[in-house]
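Starting off with a structure, shown below.
Should a chain be cited, it is by its letter among A, B, C and D, assigned in written order, with residues numbered from 1 in that chain.
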């Protein structure tokens, strides 16, 4: 079988370079175009010395050229860019896997309100598939355009969707408290708040009650619940490089033990190659997921308060971004879903 | 005025040595007895080279001897020890400031259930004052025995008590999500999970839904609310040495803006020397509280979800333990409340 | 071609589990025996949740059984153990790749002096090949027993051997200053000094002037120089998990620019798959080598002082241990030297 | 006694704010002017929430105004600024304590070569006293202008000066290898290399063989040795916020044991309030010096190599900058040298 030629726009951002790392050793992929505005003309292994022996020249991303040289394009770019790039790539018959939020929200008005930009391609929004295979695998199979979930939604949705779908928890009153590593802020976010002496030994919440990932979570949970779901969502930064730990609180719809709740998760994720539900004896930690596409889960019944408390751990650049993107690629091209994603992360 | 002679039992634990650090430069305190089982016979500055020029010899803590040489005794010991030491110290007419949980819970049965030990001094439980000055200042003035709050309850109570007391939030449905530095686990907790290569770059939740600090939080919030309060409480470990960031979610009893909620906090803490309520422009971070007795607070209205989200940042060894203990000492001995606690923490 | 069956003794130590991680995806290796005293009977993915889908049962390491089930045995054990296990494995016709120091030092007396133990297999010492391919590739080809270098010697030897061999620097007056991540201390080294709140934000030197890796460095440098080399060597611990940065100071034998010195390194390592010599524009950092078998190098002429200053960065568990071990395996079995080692590390 | 009014230019840099923290609780100091270009008009506790209740308004630093309102001026500014500000302040009869390198180097040509700027006040260079009290206490007593040492020279000089002065080590062949926390780079150094996801878990050397602190070290060691001293000096960055660990290698002039070498250090520093020489049983760590003005030292004889290896640990913002500056102030104004510096750092 011929290899899939893949172009990456934004190859030197943290999400982009993680995709490059994964794709470089994907047995059915040939990296054919590495786009980077910032480092154009430089060699990739100069910018990222951990990568060696790859197609090295970084070029300004040019969609027509990318369409010529690639079968699939990873758009690892910021909000507002994908909606301009995607149409030409799709018209050229290419598949697009988008890291930006441009095609995640089905309600264009909500997108425009949260991202403060007019949508340039509202007509593509409906077609785009929200690229979380555990929720939308079937739609992804034939998709031309996958909108890879935000890192926080990935962790939150994987934690609570099965309990919500099974009606084990109520759809109102959900609280999502997430703790993220700093790479989630990206490489271009260099600023005083992420200056090592400031952030090391510190942590904080940010964008309390109005983070951009909230409507994305609500959209997907509403679809799962079959009615409008409103959540409280608070993201926090902690001094680790990779990883999101999410703690979800939801009211139990009926009495249930921790074991019963775990069974629901386990049943929901049976056969899922990257989901692992822990039993009573352990709780998820982010570090064992680092560098991988795995999501580790556990759930506890808080009997006094009548709540389920679900914990999920992912690598925000793995299952939270580039890993899921590669998983989408595999599905969209009919490859085994785990291809190129089997390698474990690094520990310790 | 003559100095208060203070003995510290458990002076080489993290809580004890932080108390020693503060007391050593307290203008009205003379450190007269440093108790340590582990390091008896050694010099304090050998065990802790950051401390110099202090009464150096570490001795096994002996209550009668401590009573002879001290006016006040800090019991920086584990659960189950204070309840045996406190009676003799009180009988000798001394004041006791207890870091252990032994006298925090008014319901001895709850204590015994959570701490798996029979209470040896149930008769003292009622007399003991829960040592959070912001909630119990008047009772502390005449107190013989102060039970310094647990580090998580300190951060959580300071965050939510004013909103609950003012009926701005409902008493049911409160969720408390706390993120703690590792020093909270103590110095004697050396184990694989806190081994640097394991914990660095990791984070996790633990004792989900059944942490020992939950009943303490519920006891105090119930007193504030005037009715039984049940909370969901999840503690997390993050790779910082000091600091607890607490995120509290509570249902608004009526519509309220972030500013209105902040006003309630600000009014409640007017005149409090160690509480600082931030306005709209900033959110608390733990590092600026490090080494200090300060608590930084902010609140946001989550209008879509009808919730208040309150954030508090403290140093778990400062306002979360030794700082509050010194504040209790000052109150119990009629000293200015800030004495010995004015020095700022260290930043960056 | 049939796969090489590999057994790992000490599979749950940090060195062992890194070997397992690499071997698990080595195309010509079948992991056939995972030995662990501490965790025998448990599943590997319970002890190390980052590893999935591997031969999961951990067994007590039994050499006869290992010899039956494996073609090669990785002995990821402490000093004093390999010298007892290796003879039986070699007698059974197996190849042994030893992580311990037991067969590194050709002078048994020096070994016994530094490791405080009588050598149980002095007869094998001469046969054992010091397993640094860049110095001993040819001998490794036919070897039955490879003694993988210590992590510090790996970094130090790769830095200075070419300059010494080429006589660009003098053989006396060499100073080696190494900074190591904490994983080098191992997983069983849990103790107060590596307790997160103690080590985080700290660093220190240890075993100044008498570290066990010093004779190993001197043995190999003496062989390179053709005369006895004595070095000053100081190891330091810094709060990172992986990585050794080594700074080597050597007197220039004749005037030489940084470029000339770099050329010597570059010529020496031409064709070496894992060695990368930086030019004037950059210096090595440990993080880009993390999880890989790469060594990054740079050299500067200190003209005022008449010295060469060479910097090397490796992952102490990669090129400093398990990576080099796999490279030895490849050489000993006639496989392409990079097999199973091509995957880059993770960054950031 | 009337308080000394002190102005701080550059009060919001890391060095400046550490000086403010120390001066704010100095019993004989009144902070009378806080200069900050970046944050002028803001309150200090908004920029640095760890500081409370201080003269809060930040103003652009204006030397005439500062001269009117202050008796002493701390110039916590970058190279090239102090040489323009100092003359007017000195003419106004004020004492100047300079954090910049402008007056450290007695050879103006060397200064200009290393700092790439013409010296605007070469006439003041001779008068300026190199502000390391342990080397220049007597000259500081009457000084108008103290040039506080660079952070690396402070740690290096305190380590090796006594052995050099006593002729226990030779003056040639000295190697200085320093490992620094990131705060040494300053607050305005925000850039990709100090971005948390880049630096965390990494370390590197920089400005190998040509760092600006090298001539400063050589100048002072030459004065101590009575002849020209040339050193090799390599600074490294490690992921801690505060602290410099320096390892100095020097050839023994005659055989000497570790104890004998330690005695020389101990004798040299007898009576020094901030120097502590460890015995055989321990080695310096940076964390116990954090936030303090202490320097911890140890020395080992490397008998095989004929070297002394000296280790020193300081807080780069404490003894390495602001602490020493306050010590200079005390000496210059005839106050007890430890005033305002007695408080220990924070640990853990």
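Heads up, the rule we're going with is that a residue touches a chain if its C-beta (ideal position, glycine included) is under 8 Å from a C-beta of that chain, and two chains touch if they have at least 3 such contacts.
Owing to the predicted nature of the structure, the values given are computational and were not obtained by experimental measurement.
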Furthest chain, CA centroid comparison against subunit B: C
Chain pair with the higher count of C-beta pairs in contact (B-D, B-C): B-D
Whole-Å gap separating subunit C and subunit D, where each centre is the average of the chain's CA atoms: 38
Centroid distance [mean C-alpha coordinates] between subunit C and subunit B, Å: 47
CA centroid of subunit B to CA centroid of subunit D, Å: 36
Subunit C, residues touching no fewer than two other chains: 14, 183, 187, 197, 200-201, 239-242, 285, 287, 290, 348
Subunit B partner contacts - residues on subunit D that touch it in the complex: 14, 17, 21, 24-25, 46, 48-53, 183, 187, 200-201, 241-242, 276, 282, 285, 287-292, 294, 296, 342-348
Touch list for subunit D against partner subunit C, complex: 173, 175, 177, 179, 181, 197-198, 200-206, 208-209, 230-232, 234, 236, 238-243, 245, 247, 249, 283-287, 290, 300-305, 307, 309, 311, 313, 348
List of subunit D residues in touch with subunit A within their complex: 14, 181-183, 185, 187, 189-192, 194-197, 199-201, 239-241
